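In what follows, a single structure is set out as structure tokens and then discussed.
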Amino acid sequence: MDGILALALENLISPIILFFALGFAAAFARSDLSVPEAVAKGMSLYLLFAIGFKGGASVAAHGVYATLLFSLLAGVILSFLLPFIAFAMLRMLTGLSVVDAAAVAAHYGSISIVTFVAASSVLSSAGLEFEGYMVAVAAAMEAPAILSALWLVARAGGPNGHGGGMEPGLLREILLNGSIVLLVGSFAIGAITGADGLSRIESFIVSPFQGVLCLFLLDMGLVAGRGLRETRGLLRPGLFVFGVLMPLTGAALGLLAGLLLGLSTGGVVLMMTLSASASYIAVPAAMRVALPEANPAIYLTLALGITFPFNLTLGIPIYLAVAQAVTGG
Amino acid sequence: MDGILALALENLISPIILFFALGFAAAFARSDLSVPEAVAKGMSLYLLFAIGFKGGASVAAHGVYATLLFSLLAGVILSFLLPFIAFAMLRMLTGLSVVDAAAVAAHYGSISIVTFVAASSVLSSAGLEFEGYMVAVAAAMEAPAILSALWLVARAGGPNGHGGGMEPGLLREILLNGSIVLLVGSFAIGAITGADGLSRIESFIVSPFQGVLCLFLLDMGLVAGRGLRETRGLLRPGLFVFGVLMPLTGAALGLLAGLLLGLSTGGVVLMMTLSASASYIAVPAAMRVALPEANPAIYLTLALGITFPFNLTLGIPIYLAVAQAVTGG
Amino acid sequence: MDGILALALENLISPIILFFALGFAAAFARSDLSVPEAVAKGMSLYLLFAIGFKGGASVAAHGVYATLLFSLLAGVILSFLLPFIAFAMLRMLTGLSVVDAAAVAAHYGSISIVTFVAASSVLSSAGLEFEGYMVAVAAAMEAPAILSALWLVARAGGPNGHGGGMEPGLLREILLNGSIVLLVGSFAIGAITGADGLSRIESFIVSPFQGVLCLFLLDMGLVAGRGLRETRGLLRPGLFVFGVLMPLTGAALGLLAGLLLGLSTGGVVLMMTLSASASYIAVPAAMRVALPEANPAIYLTLALGITFPFNLTLGIPIYLAVAQAVTGG
Amino acid sequence: MQTHKAKRVEITIEAVMERRLSEALEKAGVKGFTILPVLGGSGRSGRWSREGQVSRASGMIAVVCIVHPNRLDPLLEAAFAVVDRHIGVVSVTDCDVVRADRF
Amino acid sequence: MQTHKAKRVEITIEAVMERRLSEALEKAGVKGFTILPVLGGSGRSGRWSREGQVSRASGMIAVVCIVHPNRLDPLLEAAFAVVDRHIGVVSVTDCDVVRADRF
Amino acid sequence: MQTHKAKRVEITIEAVMERRLSEALEKAGVKGFTILPVLGGSGRSGRWSREGQVSRASGMIAVVCIVHPNRLDPLLEAAFAVVDRHIGVVSVTDCDVVRADRF
């Protein structure tokens, strides 16, 4: 317990957390600090490019692990499954409508790549290795949850009698989402070009990575803070409880999956983090197209304003401590 | 005297000056070379982030200096004071109206962070150390001058009888200006995370710094050149003289303050540079809100088109030579 | 022949080609992956800045080569000449109108700086040196081709009887095009500040270069793929053949010029690449102003969708193999 | 100059719906449209601003469409089929154009 | 389609005044507005362009506001209270909207 | 509020023509205009989008110009002299402005 606290504290005063906090505070204080949209999108392209490539290069270096396929499968199953748990929890804890609850549930089945990146950088600081293909697992978990959510709505008769059928082309649109394509593509290129490729672009994707992450989290803090400030009214206690309880529940399932797969300690932490995190890029876009009746303020506030900061500050250290205790690593 | 010339010459053929000159020349020749607004803003966020963090980390490394508080205080006093001198000078040298003169004066009381950055990079080239907290002094000097200017206008009865009272919320808006928040926040985070934090993001904020500065100065040159080209008509000799005399006057007061505080040679140079430089970000924005009757072409042309290039090319080498002569450093 | 194949294959699985292919495939699959315009423009400024500066610094290091002036002259002549060959080829192979054929021809007389950059990075991988001033030759070749194209149209009576006279100010606009100014300016600054200047900004322009190039080529792939997808109808076989035959013809002339000038093997490869490449920045803009009747879909699709990928994947390895065979280097 | 009556339709809609809207317009026989970026706004669903969107999800665009008055009704029907379930605003203004055959 | 008369108000104003203008509009009972970016322009104070602004100070935005004709006067008064001392242009156009209750 | 009749002219034109158009407008005695960015569009020359332009060549802008009705004809003539050979659309709308002397 002492270890967790120390770890949490150390984590709390790392530059990336502090820059997130700076953004959050600036937004609450109504500072006009802001990152241009194009720059924020450029940084997110950089992060996907770098994390994907490094994952692929690491797979190339260590050989294809026997567990790769099973891990992908486990990720897909988790992503399908988690929305049902989230949906049940929401219907118990909150008064959300079926459509709103399903939309929120989709976000928690999917993943947040920045939370993943933050966890992997905590692992590096702690000197823990992890399976390079976890990046591919992350990509595999982005989309399935969306289908579960649409099924949940269809079962309930669809939004306002619109039926819940999926518009043709939507599935393709979800799977070819820009961030999935870049992440998977960079992973593949990293795997193909291996150590040789990595050596050519290392000084672009490795050394400046932490610095870019700091600036990116500053922006995330600004966005989360602004969102939270403007939708304060929405956050009834039930939602708040859900925003903290659901990541812990997800992490527990991720732990189970990681142990069954026999992942390294680092790999288990990442599996927990993925399950615990909530999407705020791919899923919101899909929801606007497929379930426009769902209120975006609810799911964005929960995912970005509650669960993301929770994972960043307390969640990741907890997952690390638990994984170390359980695996003995 | 010979030393100054050699130094000035060496400074004049450094990449940052030459890229500024390139931008300036391109703008005058009506080239369509331009840096997208989002990229320019992204670079300015980077510079504030890097310079703030490095300042904070340096404070963490060297302990809190006894003079920190006094230096902040000196900075605030200088920022309050300089507009009065500038105002008096303007009323003597030029035919500017009270409102225009006060608006210009506000800019010269405040500071230009890029001039500060350029000076600190000249110091590094010269192998001179400086107090890390000078970044905090820079932040402290951004805003007070605005209040002096508003007071000057109010005393004269306000613009067109509008009274000169400060609109509620404006003070808060000025103090929470994005660049102040990022600079102070990064400084604090650098101070908190210290050497450990710096080592994590060093390859992002230290090594590429000079290169980004070159590109940023290219853009500054473009902006300054375009501004000057379009407002050539405005620049009567009096204004021109002011744009060169005022930084020298400011530097003299900065020298005095630096000596009284017992700063290092490098610190004295920075104090001189801050006092000599004129704001072109925070103050223009505040003036548009508080004194919309003041003509922006006048203050932007003076600050960006005359004083900034003067400081960059001749000013900084002069301040360095004088500081070395006086402190014997 | 075996050597060419091995080289081509090695080239094909380098990160930069694979990222181009990723973008191309993503565009064809209608993924919503996209790079914000400001970020793409920022990266292209970076590439011009870096390649120009490095070329200049290399000239400063190796002294001014006797062949510099002759090389510039050869570049200008090639740029004037190539459009006539391209025009004749187009009138034979395709049914393009005079105006469309002249517009396309202008693109092939001018150059693509990214193709140049890709070739120089293949040279570095192969351990081959080249004359630093080839960057200046690249700049010199940007514009002359435009004049040849306008002359071709004027000779034919101008577009719809508009006469083909050049609008006053257009020549100046072409020569002061942003990318020419930045490339030439950075080259000059690199030459002036030399090794000293380079050492200051090396970690910005050298080490991250390949990584930025990967991201930039990802975007080029997206743009080329999108363009090709939307204008598939246009690409009749004759145009396609031209898009591959013309770069080979250009390369042959470039080879001749390189040999006459006595360039190093690397220099010959670059001269071939410049002659083989087709502009997609400076010339399209000039054509929109000077020959608005020409259909942009044709010239952009050819330059970006056919010739650029051809040079990137097969062309450069061929030029390298041929140059090595001929010069024995 | 000789001008002709036309209608200027302005549709403010979520950016994610852009492809669907433009396909619908093309199907409705609209000969051209222009897409403008939107920085932010306010409506029943509150205040939003593009700066500070990590997500493509919540941005909006404005689509301007100049049509011959005869084509207005099919255009509006096509647009509303898309806008219907979504956040958005449609307004129609009378305008004059010079080359009538283009609209 | 059944349409209703409304007014489209377009306010071009300095970007620094955005918060103040939107607060004033909300106070005047305006139910919604859309903010468009402005690249550059020309007027009595000369030519300016967004590219090449280091400073937030000199950019402009365009605010488009569709209102019921009854609400036009309070809107204009609120807008002018803000625009008054500042650089800016206001124009009003007649338009038609489909769902009248929204404006 | 007391308002006056004016004309709102909207010119959608290629970005490369910006300088030429604004010079022509100034020559025609136009006292002001506002330039809006355009994200993409569709017309006789097909669909295009600003994201995915490596080249300055194919983007467009929209120029909005509010003028006194008397000045409309010279404005249109000046605009058409530039737009003529180029891709572009011009539309004119009636509008009301408050300070008539400015236009």
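All chains are identified by letter, namely A, B, C, D, E and F, in their written order; residue positions are counted from 1 within each chain.
One rule holds for everything that comes next: a residue touches a chain if its C-beta (ideal position, glycine included) is under 8 Å from a C-beta of that chain, and two chains touch if they have at least 3 such contacts.
Worth saying up front: this structure is predicted, and the values here are computed from it rather than measured.
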Shortest chain-hopping distance from subunit C out to subunit E: 2
Joint neighbours of subunit F and subunit A, given as chain labels: C, D
List the interface residue numbers of subunit A and of subunit B, divide the shared ones by all numbers used, and answer same when the ratio is over half, different when under half. different
With centres defined as the mean of C-alpha atoms, identify the chain lying farthest from subunit F. A
Rounded to the nearest whole Å, what is the centre-to-centre distance of subunit A and subunit C, using the mean of the C-alpha atoms as each centre? 41
When the C-alpha atoms of subunit B and subunit E are each averaged to a single point, how far apart are the two points in Å? 34
Among the residues of subunit F, which are close enough to touch at least two other chains? 36-37, 47, 49, 56, 93-94
Spell out, as numbers or ranges, the residues of subunit A touching 2 or more other chains. 32, 34-39, 42, 203, 208
Check the chains against each other and report every pair that touches. A-B, A-C, A-D, B-C, B-E, C-F, D-E, D-F, E-F
Quick one: which bits of subunit F touch subunit D in the complex? Just the residue numbers, please. 10, 12, 36-44, 47, 49, 60, 62, 73, 76-77, 80, 89-94
Which residues, counting only subunit E, touch subunit D once they are in their complex? 1, 3, 6, 8, 22, 25-26, 31-37, 61, 64, 66, 93-98, 102
Where on subunit C does subunit B make contact in their complex? 36-39, 41-42, 45-46, 49, 53, 172-173, 176-179, 181-182, 185-186, 189, 192-193, 197, 200-201, 203-205, 208
In the complex with subunit F, residue positions of subunit C that touch it: 27, 34-37, 40, 44, 159, 162, 219-220, 222-223, 226, 230-231, 280-281, 284-285, 287-289, 292-293, 295-297, 300, 304
Contacting residues of subunit E [partner subunit B, same complex]: 14, 16-17, 20, 45-47, 50-58, 85-87
